[in-house]
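Notes for the one structure printed next.
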């Protein structure tokens, strides 16, 4: 069985790596800081000194880091992954990064005669633990065939989105929809609350109709509890909407509703809610209206 | 068992009336034009000559007509329902009308010493036939208790939304969310299509994630088939968003995203798609972007 | 010379009436409440008991009241203007009312064999006093010819906008632009203030460029002084933007920017600034951004 | 008198350089391509071989190039300006570039012990020829004092905006307002046209009121003539609105109206009008409404 190197043991990466371990893969891990590697070391899993070493020892290397900058830091430099890979490797890029960063990474990896898969995931920590992340896979079909079992150890379904870059584009597509829906739900709840509609009744009506959605059930429960602990914070959703608007402006579209949602997230962030859960976009609307949903 | 008078045998009203018949209620129907009453007459159900006659003979009268004006036409005038009711009646208003029209109707009905229930429904023809409409019930608890079995013959769940007017308000709440989601989905699909993402892949990703919704499944299939036959046409959804924005402006809110969605529906209507299904809001976005989703 | 009856001696109406007096017209005035008529009575100008009496005695009747409802109250009822006019009158409607109210008033006036001119004004109290209001005149050319001297006694220029209704439409056109510009200026100032640009420098730059406007000079000075005393309050501008959006939705347009401006005025109103000057739309933006322009 | 090196002899730069020549300054010019330098050579003005040479020979160097990239190309590289300056120079950066690019340029110039002035201009070719550009000057007061006469040879007024970076910020401030006003004017005209208001009457009303502006007079005349030849094209205005929104999102603001204007410019660009004058944002609105302003 193939050896898998895994870079980035954060809240998402760690459970993904454990699922690969559970699936029987030979694992080798790396993390910029030491803390997150300890449970792996304790379990007898080898910890690499650098991305370079990981590239040298593993057949397949998975990157699961924070953003474009973190990905560049993994790839580049004297201890970077690019100095370690050598033609027999496949790099599976699973971080949420931009299409541009994805294409750039693919080019440098391929320049080392290695293969590249673009495979960001949709889902949060729960699905990461359960192995039910949606994997948004972009790449050549034969390469995707070769890594399919690996991807399936971490997620289900594995959706083939097209070539390299299309995984990143698909991630932006789904997060655009996520941001718009979250903001729409916040507007609807504020609309109801300002007319003294009961939150529980509003949620029953949503759940009984065509507009029902796991998002509204999960976030609705948290709103009812006024729990704004960050699962996916305002500022990350805000960043995705900004990026989606930029891409849309680049490719020749008008997205008036998404632009409005972006400005609402900007307002929520400006009002100090950037590190709260994305549901806190509601707090901006409540503040203007002088109402509190659920009270 | 109580006699039920049913006014308005349109696409929604007719199956609702049949469900009452199936549930064993003594039925009496009225429709402004004759055609829709024929199947009822053929089945031996009595057809009234006027709303007035219906009010005189039925214990409970259900109104299920097009809009505020049609409701006023049923209530008022020498042959109107108000001249027929007399203190032993309960009027259940199930049309989608404004909160203002609802409160006005309640006032006139109560002035005739009759009881009033505000009970619009959420759902389309399919749920109407299956008796699974969401009933948004507003009224006094004891009155709602008395008519609960009748409402349950037509819908499930019956959600108690508060007093008279709150049913109409809840209907607007859910249709605001519906319009925003439809327009958001259209923006997301256009965004993807402009980047050559495959429609089927986009739909798989939506269905696998937190943003999944019956709305996106139903409408997504129709969009894939480029089927814009009206289920709920652009112009009706547009009307609801306009009305929701007006109410929001009245009660002191800002709804930037809903305002943007309203303008997109306005654009779709202006471009000639008002009588197509609400999914045709997509055609406005496609026209600007010069792309066709699903091609 | 013709006798002119003037209904509505408010902040705008009174100086307009005085200008007619100065121009040598025989004047007869009416106001719903007594206070505003006193200065006219003191100056020997006849005060009518009712709009009816005004219609009976004056050749030309000018209406300058608050809104659609106030205009209907002047026209209708046993003491209303319609019972007083009789075929030799011309009614000049100068209040800011909707095109629909204008058309309805014209119809009832014409049914009394009298002539109707639609002539709302653009401008505030200063221009009303100086006789430099812009008069937005709609009507048949020969009727407009007959009243031109009267209109010129109150304003300059008198712009011929088309037929009856087009004056009201033109008023909405210019107030749409006014609302959008006010909100745009507020956004620009907040944008600058959040980056520590100096208000005085911003105003110098605006005044030196193509974007210069009397509006920005007048309102800019008030903003610099943090003077939000109402000249044209938020709620009136808000009402006009709402109405403009409704008309736009009726005739088949998309007005995304105006819709956004409307929601900003809604926010300012919701936050308690409805009775402050329209410049207070700035306070909503400042509140979100946590900055104060001019400090 | 000081020797001035001028980099960038485009449509704006050439007349600015000529104005310096007229004011009696010893001039030395450079342009990436040769054509634009010819009239200067013909007039006996020295043409440098590289920005480096310019830096070596001139006391003051003015940069007036297209964008961030063009500015970097002037500064960097073996023949770049940075290799030529040496402690006795002052660089006046007058291109429209981002605040970030301005700050980066200032840092590299200062690292060569030279002084830096941030002085973009507001205005088009006409004011550039007449020497009436608005100069948005940012820098230390003593440095600005030293170059004031030079700036005044090209523009009037010279507005002191603050430190280095504030000139670029002010430029973005005024172009944000410009874009919002252009789009607002386009919405207003479409609104009027859809109701058959006459363009000439609309323009008279605008010119007579508080909303009057040189922008509306200049652009209104071009719209009446259906002349969309680019003075300031859609795509440049669009770029500025995008950048303004990005900055606003960075510093913690909500700019809903500017976001809507940006999406309208995006739509106009997507529909193929990117290289037409900014007035062509109107064509997007006309296309949706099915009307043509001025017809």
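Each chain carries a letter (A, B, C and D) given by its place in the written order, and its residues are counted from 1.
Operating definition for what follows: a contact is a pair of C-beta atoms (placed from the backbone, for glycine too) under 8 Å apart; a residue touches a chain by one contact, two chains touch by 3 or more.
Labels paired with UniProt names: A, B, C, D = NAD(P)-dependent oxidoreductase.
From a predicted model like this one, the values you see are computed outputs, not experimental measurements.
Asker: Tally the contacting C-beta pairs at the B-D interface and at the A-D interface, and name the larger one.
Answerer: When the contacts at B-D and A-D are counted, A-D has more.
Asker: What chain lies farthest away from chain A once each centre is taken as the mean of the Cα atoms?
Answerer: C
Asker: Measure off the straight-line distance from the CA centroid of chain B to the CA centroid of chain D, and report it in whole Å.
Answerer: 53
Asker: At what distance in angstrom does the C-alpha mean of chain D lie from that of chain A?
Answerer: Roughly 39 Å, centre to centre.
Asker: For chain D, write out the residues touching at least two other chains, lowest number first.
Answerer: Counting only residues that touch two or more other chains, chain D contributes 248, 252-256, 259-260, 263-264, 267, 270, 288-290.
Asker: Chain D touches which residues of chain B in the complex?
Answerer: Chain B reaches chain D through residues 256, 260, 267, 270-271, 284, 288-290.
Asker: Which residues, counting only chain A, touch chain B once they are in their complex?
Answerer: Within the complex, chain A touches chain B at residues 122-124, 134, 136, 157, 159-162, 166, 169-170, 172-174, 176-178, 180-181, 183-185, 187-188, 190-192, 194-198, 201-202, 204-206, 208-215, 218, 244, 247-248, 251-261, 263-264, 285, 288-290.
Asker: Given the complex with chain B, which residues does chain C contribute to the contact?
Answerer: Listed in rising order, the residues of chain C that touch chain B are 238, 242, 245-246, 248-249, 252-256, 259-260, 262-264, 266-267, 269-270.
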